[in-house]
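There are structures below to look over.
There are two complexes below, and they share subunit A, which is joined by subunit B in the first and by subunit C in the second.
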Partner chain A sequence: MNILTILLLFTTLLLTRVSELKTAVRIIAIQSLMLALACTIVGIETGEVQTYVAAVLTVIIKAGFLPYVLIKIVATLQQEHEDHPILSFNYSSLVACIAIVLAYGLIDQALPGAGSRDALATAVAMTLIGLLLIMTRRQAVMQIMGIITMENGIYLVGLSVTKGFPLIIELGVFFDVLVAVRVLGILTYRLKLAGLSTDTSILKKLKG
Partner chain B sequence: MNIMLSVIQALGVVLLAPLVAGVIKTAKARLQNRRGPRIFQLYFDFVKLLKKDSVVSPTASWIFNLAPYIYFASSIAATALVPVVTIGTIGIGDIFTLIYLLALGRFFLVLASLDAGSAFGGMGGAREMFIAILVEPALLLSMLTVAFRAQTTNLGLMASVVENSPLSLSYVFAAIAFFIVLIAETGRIPVDNPDTHLELTMIHEGMILEYSGRKLALILWASAVKQLSMMLLFIMFFLPDTIFGNADWIGIVLKVLLVAFAIAMTETSTNKLRLFKVPNFLAISCLLSLLALVAQ
Partner chain C sequence: MALLLPLVTGLGSMFQTTIVAIKIVNLTGSLLISSSLAAIVYKIIVDGAYSYKMLYVDHLSAVLLSILAVLTVTSMLFSISYMEKDLSHGHITFQMLRKYYGLLNVLLFTMISVLIVGNLGLMWVAVEATTLASAFLVAFYFNHSALEAAWKYIMVCTVGICLALLGTTLLYYAQVSVVGSDLNALNWLELKKISSELDPAIVKLAFIFILIGYGTKVGLAPMHTWLPDAHSQAPAPISALLSGIVLSCAAYAILRNLIVVQEVINHEFLQELLIGFGVFSIAIAIPFILVQHDLKRLLAYSSVEHMGIIMLGIGVGTTLSIYGALLHMINHAFAKSALFYMAGVITQEYQTKHIARIRGLVSTMPLVGTMFIISILAITGTPPFGIFISKFIILEAIFAKEWLSLGAGVLLLLSGIFAGMIYYCLAMAFGSKPKYRASTVSIGKPALMAMSISVVLMILTGLYIPTWLNDMLTMAASIVVGG
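Coming up: the complex of A and B.
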């Protein structure tokens, strides 16, 4: 379980350094797969059926359907790279490292001596790094990656604290992600028809 | 007795270093479908260079004459600190001593490259310092991972602690990070091409471009010694006996050959990075070291 949390952290750090959108989508797929594996391990420990169901749903939706749809969307985009984010790649991975240290510090202060200290700190770090991605990337697909990372982080918090959320909340999370991706798909389709780019920084031109 | 063993060990490393450099060259050549030079070629090169005259630029000062000796001396001193067979070489081996000794040699070499007054020397020296600034924290971080577990920065004690601990993810990450630093410190292909003849692409060779004769032989030997001592450090910390069982000398020789082959594979399968992409490469090393520290 500890190995999984460290690998999750590794994928999140990697996400701050990629510039190709397809690579980012694949990393998110691997991250969701590892999360499903962690969920299965928790399910084996607690023996509840709903954890297994959640793990299977994670694999199908977050590691299967979502990356497939996103890669198709990326293939239709004009620009497949995150060329110059607001915070450059080196600095954003530096900020991600600071976020990890911060997360560990927070968890040690708030819940000292917790058994699942690694998992909790990883989850908080993933949430923070997801937020960093949303803030500092211009491409809409990268921002979606940030949203998914944040949700994975929250999911991990639920796993490690309560040994599995109730299924309803997990379904809510899945539905939320699904809707976001469909909306993005429709938007990019319309943008492609109109011959515009998905660079969100050009939305500034709409300001009066 | 311990001191005798340490001296013999250091001498052995110094004498065998050109052989290992030759092995790497031959491995690289074989991987590229060439035959390559014989593995003892560097020894013959030394003998040839010792017989030649030294041509010195008229603007060079005493630094130019002194630098090869300082580089050689610091490389040998750094080697003497690395624990190979004798764990706890008199107990003076410390991570920071090692790093600073290597930095001392590099500093004087850079000074000498500027001293000779040629443009390529200045360029090579500037690039070498650029890379060194990034390599030293990466090196320190990856070694600190092991030091953290051993609760000490003494190289001998660290090696003995590593021998008794199981394989864990943090070691794998730290091993990869140290391998990246090994490539950068010894000037191998993703960072610097050691076989290049184009001065514009030279980093280490650009610094020593002005040297000839005996001093060049000393510098080449010192580079080989530095390379072998870094490889031995890698083996001591990240390929311990618990995982790759050894039989003393034979085990270490096999591990050195394994690392040499790994270096040759890395050199053959990638191409040289642009100079301003090297920080990204070393940043990966720093990230992995941080993860390794966190994973403990």
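Coming up: the complex of A and C.
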């Protein structure tokens, strides 16, 4: 479990450094796979069936279907990179490290003695770094990566403090994530169709 | 039953091949949905709260269900005229029309789910689903601005709602550490029962996340940035639904969480938080209303202001003020939906949303022009309309608590908004008729019906509140306060 949390944190940090959209999507797929693995481990510990179901769903939806769809969208975009993020790659890695420290501080303050300290801190750090990606990246696809990371982080919080939600709520959350990313994907494609770049910094016509 | 109907209607309209068939299917569908909602409300009034498996309804849900019942019919009526005109102007294709009605019904389905589930986790799922269902409706015209609005809408709201999920997770953790995980996870009745044993520190943290999360969806400042964009770019009936009921659904989610947490956290903290967000939302709307060039954005900022007033009412936390806040939700829904319908007619007729280019409404469209003036007067809180009553109740509750400076400050802010809205309204209503538009125009009958229903209801709630509504609101307010 500890190795897993370190790897999860590593993939998340890696995301702050990539500019190639395809690579980012692959990293997200790997991150989700590891989340599924963590889910399975919790399942073995508690022996509850629903955790296994959640693990299988994570593999199918977050590590399989969504990356597949996103890769296809990226392929149609041709020449789109994250070239000039609002915060440069080096600085965003630095901020991400600060986020990790912050996460440890936060959980020691707010949730002392809840679940495993490292897993929880990783989860909070992932949520924060996801937010960072959404705020500082211009490419639409990178912002979607941010949302998935954030969601993965929150999922890990739930996993480490409560061993996961009841199945029915879990299913609902999965469905929402699936639809959200699908909708965002279609919007990205539409931006492309409308002859616009998928660089979201052009989206500033509406003001006041 | 009420959940199935919109799905059936939506599916039905996807497969229709003629406009007339779509109209008939959707009208009957919306009437059936409304009557089943009305039946639920009636059952609540007669028998009180009842639950069935994961579902739970009480008087608080009944208040919002009745708003939804009215708006379902009016928005469907208005959609018929509005979309037909768009089709004839060539803005949309027939294919898109089918998708429009399909999505509209999905949106109705998700909103009904928000209001009737009995579980904070499922409620989260449903609130997020309302965002997703309405995203394509906001992006409906698929041009640059509509795409931008939809992108902002879904990004800001999804991030916000993710924070609410984090809050909900923490709340679940607080529950698990008391009773362990069982079938009643996040069921709010169970949570309320054990609320005295929950860990206050965790619950406090959870509620902050939940308030910020759902607050984004309510459109509270400073998380309101998506709201004017989405409201101004969506087709008019959708703007009306968004403003009238989607925002209130999110406010309902906050209320449900509030009922659970107020037993645990001290009241002053909650009051400061809610009143702070409320007053800030009212204040931030003023500059944008005073210097506005776009009719639908003007209305959208007015929604931010009204959501602020509702939060203020909830924050004050007495039975009277919450009664006022709930009544305000009802009044605002009728008045604002009427205004957005009119804005839809006006923008279609003048082919612009620019306030400066809309002149002489009363002479081009006498009926709509008159109703427009009445509705603007109503929304700014002029007596004898409903909004005046509910604002008055909230302010009375504030003064009853002897928070004189807060009350006086809010009054000052409201008068600023009144000045801005009336200034633009009069400029649009009177003034010289544009030269290129000689004859008076015809407006579809369904659209007129939709507008008149809203306007009539808006006037009625100002003059007379029937006993059953009064009882329902009182019961709902006492549920929130902790009865």
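Following the convention adopted for this analysis, the second predicted complex is superposed on the first by the 198 of 208 C-alpha atoms of A that agree within 3 Å, B and C clash if a C-alpha of one lies under 4 Å from a C-alpha of the other, contacts with A are read in each partner's own complex, and residues count from 1 in each chain.
We take it that a contact is a pair of C-beta atoms (placed from the backbone, for glycine too) under 8 Å apart; a residue touches a chain by one contact, two chains touch by 3 or more.
Because the structure is predicted, anything quoted here is derived from the model rather than measured.
Partners subunit B and subunit C fit side by side in the overlay (superposition on subunit A). With both structures placed on the common chain, the touch criterion links A:Leu187 to subunit C but leaves subunit B unconnected.
In the superposed three-chain arrangement, the CA centre of subunit A forms the vertex of an angle with the CA centres of subunit B and subunit C, and that angle is 150 degrees when rounded to a multiple of 10. By the document's definition of touching, of the two partners only subunit B reaches A:Phe10; subunit C does not. Look at A:Phe175: by the touch rule set out above, it reaches subunit C but stays clear of subunit B. Touch criterion not met for A:Met1: it reaches neither subunit B nor subunit C. Residue by residue along subunit A, subunit B and subunit C are tallied for touches, and C comes out ahead.
In the overlay built on the shared chain, the residue A:Gly158 is in contact with subunit C alone; subunit B does not reach it. Touch criterion met: A:Ile100 reaches subunit B, while subunit C stays clear of it. Within the superposed three-chain model, A:Leu203 lies in touch with subunit C and out of touch with subunit B [touch as defined at top]. The minimum CA-CA separation between subunit B and subunit C in the overlaid arrangement is 24 Å, rounded to the whole angstrom. Comparing the two interfaces of subunit A, the one with subunit B and the one with subunit C have no residue in common.
Residue ranges of subunit A in contact with subunit C, taken from their complex: 110-111, 114, 127, 131, 134, 140, 143, 147, 150-151, 154, 157-158, 161-163, 165-166, 168-169, 172-173, 175-176, 179-180, 183-184, 186-187, 190-191, 193-194, 196, 200, 203-206, 208. Remark: subunit A residues 2-3, 6-7, 9-10, 13, 17, 89-90, 93, 97, 100, 104 touch subunit B in the complex. Across the interface of their complex, subunit A is touched by residues 169-170, 173, 279-280, 283-284, 287, 290-291, 294-295 of subunit B. Contact residues on subunit C toward subunit A in their complex (touch as defined above): 54, 119, 121-122, 124-126, 128-129, 132, 135-136, 139, 142-145, 147-152, 154-155, 158-159, 162, 165-166, 169-170, 172-173, 176, 181, 183, 185-186, 201-202, 205, 228-229, 232-233, 288, 291-294, 297.
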